[in-house]
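Please go over the structures that come below.
Common to both upcoming complexes is subunit A, partnered first by subunit B, then by subunit C.
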Partner chain A sequence: MNFYDIIFYIFAAITLLSALFVVTTRNIVHSAFYLLFTFFGVAGIYVLLGADFIAISQILIYVGGILILLLFGVMLTNKITNVEIRTGTVHMLPAAIATGIFMGAVVVVMVWTEWKSEPSATPLTTTTNIGHLLLTDYVLIFELLGILLLVALIGAASIARRDKE
Partner chain B sequence: MYQFLYDLIGNEILAGLLVAVVPLTIILVFALFGIWLERKVSAHMQDRLGPMRTGWHGWLQTVADLMKMLQKEDIIATDADKTLYNIAPVLVFTGSFAAYAVIPFSSKLLGSEVEIGLFYVIAISSLVVAGILMAGWSANNKYSLLGAMRAAAQIISYEIPTALIVLSMVMFTGTLSLDKISQMQTSSFWNWNIFGGAIFGLSKFLLIPFMIVGALIIFTSTLAEVNRVPFDIPEAESELVAGYFTEYCGMKWGMFMLAEYGNMFAVSAIISILFLGGYQSPIGYLGNSIGTQWLVPFEQGFWFIAKGLALVFVQMWLRWTLPRLRVDQLMTVCWKYLIPFAFINLIIIGIISLI
Partner chain C sequence: MLQVGLTHFLIVSAILFSLGIYGIVTRKNAVMVLMGIELVLNSANINFIAFSKYGNFGLSGQVIALFVIILAAAEAAIALAIVLNIYKTFSNVNVDEIDHLKE
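The block that comes next holds the complex of A and B.
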């Protein structure tokens, strides 16, 4: 087992264990904080795959943006510790079937895909290529996403200001 | 650095760990020295002497304080959330330490030569925000929670002008690598980015005023990101005791202190790389002129630390000069002044760079 395999298993263990804690813990703030380690583990796996730009974006967007927003939302709510996050009804059978189908699909895709494996290749720099592709081949999608985000921002601002009239 | 150690030792794990030890040592020594410096600077500004009794002009004072701190009993409040309470200081320190992974101290002493160093530094500092929120919430103290909320809101807001200025510098230099940005500003202080970069021409002179404005904006906003006066409302001692680390004591409190001083030097290092030439000497190298090439990396390390310390000194100077801003003034400064100016600066630097 080489050095990078060990690091991969460490990151995989961090991701899976913290994800498990996210869904099992009773305390909603704890869930949010365990999510931090999940995001971080996924970013580590991206780095091992040579996708450094995606890894940093993962940390910047999910840890720096979404998680902080989530924490603000959770912490500013009135009851934190005693909130009942369990639903009353538990449908074991449909849940098992849905999860089974999803897992099956993931395993089938995993087996059928032809994975590229170049173990000792040094990862190339990806940022320049991503930048070029975003402004040439995928420029329409890029612009549309920009407009979508702008609309969301304007919407949020107008909702927040409505009371003051 | 890593390659050299790897050739020397022949073990990837050991070489990687040894590379990581270098910035850790720098943070620890800097924190010891920085706390002493802050006490001396504040003392001399207030016409006092500051610590004088331990060592020459009290330079061992922080070491003595550290000895005391290590012996303190570790008290955890009964109602605190113990798991998160214990993780939070480590997380905050990790965030500030991790930024050092990509900072080039000299052309030979740099941890990782990743292409996206600048982007990485901005991203990894968000770990600090999560750690601060964790500390504030887990202590179960209203001052801590308020301090953490203020800290998070402030850091997130001031990340925007910082990122905009960083973006304009990325547009200007065409790279995200901190090492390459430093290399571009070589040979003389006239080639530093604050003086319009290394390419001589009309655009260089047009750029100078906008570069100076950019440097001022990024200095102000990073000052807010490391929660220093005049932007220290998260730990305003007259209102919130000590903000998000009110309930911490002993070495856990020490970790927050280390992280604060680590962050101070890290943001100074980033500003000096972006605008003040990084590790490049302003006047040329002694090693080159007397023919001893091995001296050059050491000189570069000296200049880098000198520039970093000079900016840290300005931060301390401001701390003991300016009064604290109110919350609304703080947000006004960020959203109504710094962000519009940073946007205009971004556009103008972009247009001039095209000339």
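The block that comes next holds the complex of A and C.
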């Protein structure tokens, strides 16, 4: 058990514990803050897998963008004066049993399958190679995602706009 | 067994996926459902990057993970716009009480 393994277990524990709190806490604002730790833990796991650029993108986009957006969503859809913003829950027990069975099945499959495992030597920096891939092999998807982001921007602005009545 | 390999990352991702599904199914508030969806997308990304490293596929998995992150950003923006509209119309965002399209 070397240093790499210890760091992996620390990040996995951070990720899974905070994800558990995200889905079990009743207070929505607390959930959003636990989600912050989940995103950081996942970013740490990306770094352990040699994906430094993806980890930075994860922190920039998820923590800096999506989490703030979710907090805005919480604040705009509840009365701000209400400090205890709570969420109701439905079907707790059947959902817990069903997802528990699903999780057990998937974990058993993951453990029993003989995966091809030959770790590639990670290049020192992945950013250059990702840039090359984006503009050669994946250039069509790259351009389509640019258009999709534009459409999503305009669509979100026009959907959320207050109608003049 | 304690030596970290591909299986460990896959197990973390499977547990994260199940927690996300649990959140989507049990929460009433639409914003909480979105948080569950983000957990699911993150677990898929862990799988992509883990297979990209241990399967020796080059960096394709990382590029696809980047695409998933971008799609998640677009999805969150659109979904929150819809949630705000629902709040304007129904004055709450509990997904089990909203069962008609207009009012």
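Assume the second predicted complex is superposed on the first by the 114 of 165 C-alpha atoms of A that agree within 3 Å, B and C clash if a C-alpha of one lies under 4 Å from a C-alpha of the other, contacts with A are read in each partner's own complex, and residues count from 1 in each chain.
In this section, contacts are C-beta pairs under 8 Å (C-beta built on N, C-alpha and C of every residue); 3 or more make two chains touch, one makes a residue touch a chain.
Not measured: the values here are computed from a predicted model.
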item: A:Val29 touches, of subunit B and subunit C: first, second, both or neither?; value: first
item: First, second, both or neither for A:Thr127, with subunit B first and subunit C second; value: first
item: Subunit A: partner with more touched residues, subunit B or subunit C; value: C
item: Touching partner for A:Ala19 - first (subunit B), second (subunit C), both, neither; value: second
item: Subunit B versus subunit C as contact partner of A:Phe53, first or second or both or neither; value: both
item: Subunit B versus subunit C as contact partner of A:Thr136, first or second or both or neither; value: neither
item: Partner chain(s) touched by A:Ile159 [first = subunit B, second = subunit C, both, neither]; value: second
item: Touched partner set for A:Val63, first subunit B, second subunit C, both or neither; value: first
item: Touching partner for A:Phe3 - first (subunit B), second (subunit C), both, neither; value: first
item: Contact residues common to both interfaces of subunit A (with subunit B and with subunit C); value: 53, 57, 65, 72, 76
item: For the subunit A and subunit B complex, residues of the former touching the latter; value: 3, 29-30, 33, 36, 52-53, 56-57, 59-60, 63-65, 67-68, 71-72, 75-76, 125, 127
item: Subunit B to subunit A touching residues, read off their complex; value: 12-13, 81, 83-84, 87, 114-116, 119-120, 122-127, 129-130, 133-134, 137, 145, 149, 152, 156, 159, 176
item: Residue ranges of subunit A in contact with subunit C within the complex; value: 1, 4-5, 8-9, 12, 15-16, 19-20, 22-23, 28, 31-32, 35, 38-39, 42, 45-46, 49-51, 53-54, 57-58, 61-62, 65-66, 69-70, 72-74, 76-77, 87-92, 95-96, 98-100, 102-103, 106-107, 110-111, 115-120, 122, 126, 129-130, 133-134, 137-138, 141, 145, 148-149, 152-153, 155-157, 159-160, 162
item: Contacting residues of subunit C [partner subunit A, same complex]; value: 2-12, 14-23, 25-32, 34-36, 38-39, 42, 45-46, 49-50, 52-60, 62-63, 65-67, 69-78, 80-85, 87-88, 92-94, 96
